[in-house]
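Each chain carries a letter (A, B and C) given by its place in the written order, and its residues are counted from 1.
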Amino acid sequence: MATVQLFVPILDLGGTFVFAISGAVAAVNRRLDIFGILVLSFVTGNFGGIARDVLIGAVPPAALSEIRYLLVSVIAGLITFFWYSGVDRLRSPVLLFDAAGLAFFAVAGAQKAIEFGLSPVMAALLGMLTGIGGGVTRDVLLAEIPHVLRSDLYAVAALAGASIVVVGDMLGISYEVSALIGGAL
Amino acid sequence: MATVQLFVPILDLGGTFVFAISGAVAAVNRRLDIFGILVLSFVTGNFGGIARDVLIGAVPPAALSEIRYLLVSVIAGLITFFWYSGVDRLRSPVLLFDAAGLAFFAVAGAQKAIEFGLSPVMAALLGMLTGIGGGVTRDVLLAEIPHVLRSDLYAVAALAGASIVVVGDMLGISYEVSALIGGAL
Amino acid sequence: MATVQLFVPILDLGGTFVFAISGAVAAVNRRLDIFGILVLSFVTGNFGGIARDVLIGAVPPAALSEIRYLLVSVIAGLITFFWYSGVDRLRSPVLLFDAAGLAFFAVAGAQKAIEFGLSPVMAALLGMLTGIGGGVTRDVLLAEIPHVLRSDLYAVAALAGASIVVVGDMLGISYEVSALIGGAL
């Protein structure tokens, strides 16, 4: 259990960071100023998890009660703001970071939902919601139709990642192994 | 009470189905792919109820803890996807299904809010929220101004339906009778 | 404590009123009808507080369990609807009311978050969320990129107001004094 309690936050923070980068890049592209960039960093990085926590009744959400999520989001926003050319040099960075954040989050979201006693199917769905929630909110705030609704790939990846964690849990496989497999997909 | 516990889910599932159809039709019209269609089916069918449950503290929401809401939404999405010409032949199906879903949901939402001890006025408003929440979320995800804000008719119908249930409750009329009257409006 | 319990609602109601005016003005400008105007009044006036209450677990939110928030919102919507020329004569009324509502709400939001035991940094952020949440939701419903993401000024003002309340709390200054200073900024 102690390992899990270490492991979930690491996945969460990794996902938060890459999603926050994705949000900051989108904000820069829409010419928002530094405050808008930081807000989109935080929202994109944390809203999937916040939505999950509100839905399972884990309030206040971890993203609000623990300062590290805020710190990671602000750092990602500042990196993008001051070093945009570097971040941009990565090919289509929004999509790249979206996919990575999705995998981290889907796995972490499914694990937390299982811990709160949701059924396996719903845990997988909540994992998917955790994965796509931040990006959907980012796009809604930018008055765009969410990317994830247009491109199957990411959502299916998130659902697959979350499902593997859930199946692993049912088979009694340790969280670490199934999370690695789920995240790798 | 046993009857109520049967009755509310039936209204909820009926409303979920027609709203999910409405969401799926809107998604097809915006040329989303199958995943986007299923997401919009689920969101349109369930987000009103999820918002209501989160606001009254009934977490995890019924739409997430009970698998049937997901099943009904997915079936509605698949029917629309594979049989769109049939669904489309109904005149302006989005509007039609919106109105039907609204009536079901407003009634079910007001009843649940009363059971959770909200005041009559607020129960009627939460019934209205349950009725319009799914459609509003659908339109927000499609980056459109929600239909319901432009056309009084549906919101007023939802509010009327919910109000009748609330008044019925205050007068001691059984849920079933007032729900039928409320839904019929 | 009795004073605080009087004071927070007054700030909340003042913020609700000016925000509701702002929402109603935006709705009139987008040619929504009377129902759309009332919905935008209520949402703009109350959604920041509702989001805060849901996130800290204070459900049902005050805006739903106490009728006065609804009354204030409806009155603001009706004033705007029937006396739009008067409201409009104030220069750029949406921005003016946004700033005033922000200050009220940021202070009230931070105080409530402190009472619910959140850490100082997060209480300041929740105060900011309370301040900007209604306006963001208003803009999302109108399918626009939220104003607050484009103009630093308001968000920084909200954060500053909320921060002063939090710092005052840590220093043991009474709520009233720090709220006045925070709100004045």
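By our rule, a contact is a pair of C-beta atoms (placed from the backbone, for glycine too) under 8 Å apart; a residue touches a chain by one contact, two chains touch by 3 or more.
Here the structure is a predicted model, which means the values were calculated and not measured.
If each chain is drawn as a node and touching chains are joined, the picture has every node linked to every other. Two copies of one chain, chain B and chain C, form a contact in which under half of the residue numbers belong to both partners.
Seen as a C-alpha superposition, chain A sits on chain B after a turn of 120°, to the nearest 5.
Here the spacing of chain B and chain C, counted between their Cα centres, is 29 Å. Residue numbers of chain A whose C-beta contacts span two or more other chains: 54, 140, 143.
Note for the complex: chain C touches chain A at residues 54-57, 116, 118-119, 121-122, 125-126, 136, 140, 143-146, 148-152, 155-156.
Only residues 27, 30, 32-36, 39-40, 50, 54, 59-61, 64-65, 67, 70, 140-143 of chain A touch chain C when the two sit together in their complex.
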